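Two complexes, one shared chain (chain A), two partners (chain B, chain C).
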Partner chain A sequence: MNYTDILSSKFEPETTGTTIMAVIYDGGLIIGADSRTSSGQFVADRCADKIDYIHDRIFCLRSGSAADTQIIAKHVRYYIDAHAQELGRLPAVATAANLFRNFLYEYKDSLSAAIIVAGWDPYKGPQIFTLPLGGSVIEQKWSIGGSGSTFIWGFCDSNYKENMTLQQAKAFVLHAVAHAMFRDGSSGGIIRLLNVTKDKIEREFIDYKDVPVK
Partner chain B sequence: MIFNPEFSAQQQHTTSPIVTGGSVIALAYKGGVVVGVDTLCSYGSMADFKNVEKIAQVSKNTIYVSSGEFSDFQQVVRELAKIDRSALQYDDGVHPSPRDYGNYLARLSYKRRCKINPLYLQNVIAGFHNGERYLGLVDIYGTYLESNFVTTGFASYFCKAIISNYWNDNCTLDQAKQVIRECFKVLFCRDCRAHDVIQLAYVDEQGAHLEQPERVETKWDFSGFKNRANEKLHTQ
Partner chain C sequence: MSGSMYDLSVATYSQEGRIYQVEYATKAVENSETVIGVKCKDGVILAAEKQKFSRLLEDNTNKRIYNIDTQTGMALCGKLPDGRNILQRAKAESSQYQDMYAIPASANVLSDRVAQYVHAYTMYSGARPFGSATFIASYNTFDGYELYMIEPSGNKYAYHACTHGKGRAICKSEFERRSFKDLTCQEALVYIAKMLILAHEEFKEKKYEYEMTWITDNNGRKHQSVPQDLINNAVQQAEQLIEQDQMGE
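Up next, the complex of A and B:
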C-alpha cells in the first residue's frame, strides 16, 4: 500500500484512530488520550497530543479525520479567543461546545469528525460535552471516544462511579485508556493525562513503560 | 482523480441518520395530551447515550418530541424557539399556538424534503390552547396529521393495538399514562433500539408539565421462560 502518494486511489487520509476519554470527578475533570495517529496501517505520529487547547480551561479531544478536526478546532480556538476578549472573563464550556456543534451540524455531509469538549468554567464547574458524528450535543459526566473506545465500554460501565476523588478518576482513565490501547491497533504509544480544575491545569506524561496494561 | 469513487469514499453523505432517538407515543386524554419517549440515543446499534431528556418545551403550552436523527431534533428545537421570540416583534400579545408550531414544522420538513435533504425525523407536537387539545404528527416528508393519538417508529407496529384496546380520548391522565407505560414495556421487549427508562410529559390548561425519567417494569420470570432450557427438549 502506497501511503505517501496522495493521488493514489489507495491513499488513506490521516485519521485519529484513537482512544480519548474525559471523566468528571469531585472538584474537576481528568482528560486522557493515547498518542497514535495512523494513516491506514502506518503510524504517522507515535507521540501525538490529542488533547487540544481551546482556552485556558477548555480542551477538546478529537477523533475521526485529523484534517477535519484540526481545522475545526483551529476555528473554534479563534472564535473563543475573540469571544473571551470581549467578555473579559472565562468563556463557558457550553459556548465552545456550541461552536463545534455548528461546524459539525452544518457540514455533516462532508465531515468525519467526532469531538469531546471538556473543561471547567466559573458558571457550572467541570463539564463534558460529547459531539458525535452528525452534530448532536450531549452533556455527560464521563465520555469515551475514538476507535479504541469500543473495547472499553464494559470496563467503563462497570468501573465508573459518581463523585470520584482525583486519584480514583486518574486511575480510572489511565486503566481504561490502557485497556483500549491493548486491544485497538489504531491506538497506542504513551498516555497523556490532563487534570483540569478551577485553579490549575496539570499535564501528565505516562511513558510506555508505565502503561499499566501491555 | 476527482471522479475516482475510492477517493471520495471518505466523504460521508449523511442522508442516513447517525445518532437516533426511539419511538414516541402520544395520547390525548380528557383535559390534555400526554407524550412519552424513552431516554436513549442510539449510535447505530449501540445504546450510546442512555439518559438523554428528549422532551422539549417550546412554549408555555406546547411540547415537541421526535424520533430519528438527534442532531436534527436539536436543530428543530432551536428553530421552534425562534418562532415565539419573533412573534414578540408584532407586539400584539399573540403567542403562537401549538397548531402554529405543527404547521411551521410541516412546512420546514416539506421544504427540506423537496431539496432531497430531509430533517431525518418523525415529529410530534403536543399542546393545549384555548380550551382545546392539540396533537400533531409531522413525518420526514412533511406530511402533516392531527389526531387523538400518534406513534412513531416501532411503536406504530406494536402499540396501536394496545392503544385501541385500552385507551379512549376521554380517559383520565393516569389511565393514559398507564397505557403509554404498557406500550413502552412491549417496546422494550421487542424493539432492539428501545430502553426501559422513559420520560412522560403532559400539557393541560395550566401548561406543559415535564416529569422525571422513570423505569418501566417488565416481567421476565415466566415459568415458561425459565423452563425452556434446551437440554430439557433433548433429554426427555
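Up next, the complex of A and C:
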C-alpha cells in the first residue's frame, strides 16, 4: 500500500497547498486529490500521493502541515491495525475518525492539521468524516479540503446530487478538483482518484493531458 | 487435597504442575451461591440465587448482576467484594474502549480484558487471586448474543450455557437434558428457576431470592432485569414442577 513515510522515496516536505475531496455515491465513495507538493513557490513533488492508507477500506486525506498530518496518520494506522486484529473484522470508519479526533483535539494548540477520513465499513456502508482544525468531527455526504477547496465551494454546492452513480460521482470529483487546480497556485499536477466499495479499491490516475480544466 | 509446602504462595507450582492457590480460589467460588448463564432461542439470561441470611435484609437489593453498558451485563459468583472489583475493572475497560474506538466493546474483547486482569492476580505472590467467577452476557449487531464465563484462574470460554457455585452439578445436568436453544427466554424462565431451587435442596428451609436479568429480542436487546412478576411466576411454576417430579417418584 502506498503511504508517505520518511523512509519512502516520496517523502514530503512542509506544505499547505492542496485540493482534496471525497464524495459518497450510490454503492461506495470516490476520493480525489491533486498531486502538487510545494515548498513556497518551488514544486517539490509534482506527482505526490495524498491519499493515505489507514486500513483496507479506510483512507485519509491530509491538509495543513505535512509533518503534523503524517505523524498523526502513522499513529492512527498503528492503532487501527491493532484494534482490527483484536476485533477480528473490519474496523468502523467512525473508529478511525475518533482516533484522529483524539489527537487533533488534545494537541490543538500545537498542531496545524485538517483531515478528511473516508471509507467503507460493513456496519454503516460508505462514510465521510471531516475533521477541521479544532478537533471537531462532522459526518458528511461530501467534503472538500485544502487551499484549493476555497475556489470550488460554489461549483460543488450546485453540482452535488444525492445517490449519484459511479460515473456521475467520478465526473463530479474530477471536474471539481480540476477547477480548483486551475485557480489555486498551490494545487496542480495530476489528479488521483480512488473508488472505495464493499468489494474493492480502485485507483485511477488522470494524467495532465486528461485533466478536464486547464 | 493437601498442598503441603506448595500451596503457600500463588507464585509456586506444585510438583505436578498445579497452582494450589488458584485451585483454592476456585473452591471459594464452588462453595458459594449458584449463578447461571444461558443462551436461548431469542436471547441470553443471567440468573443468581441469593440466600436471605438475615431477616433484617432489605428485599430485592444487594444485587449480584450489574450493567456494564446498555447491552452488556455481568453476574458475580463467589466472593462478592472480589467480584465487584472485577466489575469495576470491566466497567472501566468498557467505557475507555468506547471512548477510544467509538464503538461498544464486544463481549469477546471485554471478556478478554477481564480475563487478563483476573489472570494477573495469579502471577504475583504479593496479592491473592480473586475468589470470584464472573459471567458476561452481551448483544451486538455483528456477533449476536454472547455469553462468557471467567474463572479465578483467568480462563475464559464462550458458552451457550454455564454455571458455577454450589448447585453447578445439578444445573449442568439440567443443561444436558434440556435444549435451551429451542426455548424462548420467556419459556426458559421456569426451568432456570427450577434449577436454582433444586440447587439448594439441602437448605430448603432458608429463604431465597432470585435475581434474573436478560437481553432478548423482545426487550429491545438491552440488558435489563426480568420483571419481578415474571420471576415470581416462574418460581411458583418451578416449585409446582418440582413437587410433581417428586410425586412421580
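In the analysis below, the second predicted complex is superposed on the first by the 200 of 214 C-alpha atoms of A that agree within 3 Å, B and C clash if a C-alpha of one lies under 4 Å from a C-alpha of the other, contacts with A are read in each partner's own complex, and residues count from 1 in each chain.
The rule is short, and it goes like this: contacts are C-beta pairs under 8 Å (C-beta built on N, C-alpha and C of every residue); 3 or more make two chains touch, one makes a residue touch a chain.
From a predicted model like this one, the values you see are computed outputs, not experimental measurements.
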Task: Applying the touch criterion given at the start, work out whether A:S65 contacts chain B, chain C, both or neither, answering first, second, both or neither.
output: first
- request: Pick one for A:K108: touches chain B only (first), chain C only (second), both, or neither.
  value: first
Task: Would you sort A:G135 into first (chain B), second (chain C), both or neither based on which partner it touches?
output: first
Task: Decide which partner touches more residues of chain A, taking chain B and chain C as the two options.
output: B
Message: Under the stated contact criterion, what part of chain A meets chain B in this complex?
response: 7, 9-11, 13, 65, 104-105, 108-112, 130, 132-138, 140
- prompt: In the complex formed with chain A, which residues of chain B make contact?
  reply: 1, 4, 6-7, 10-15, 17-19, 41, 43, 48-49, 52, 69-71, 73-75
Task: Show which residues of chain A lie in contact with chain C when the two form their complex.
output: 83, 86-89, 91-92, 94-95, 97-99, 102, 122-123
Complex contacts: residues of chain C adjacent to chain A: 100-103, 106, 108-109, 112, 141-142
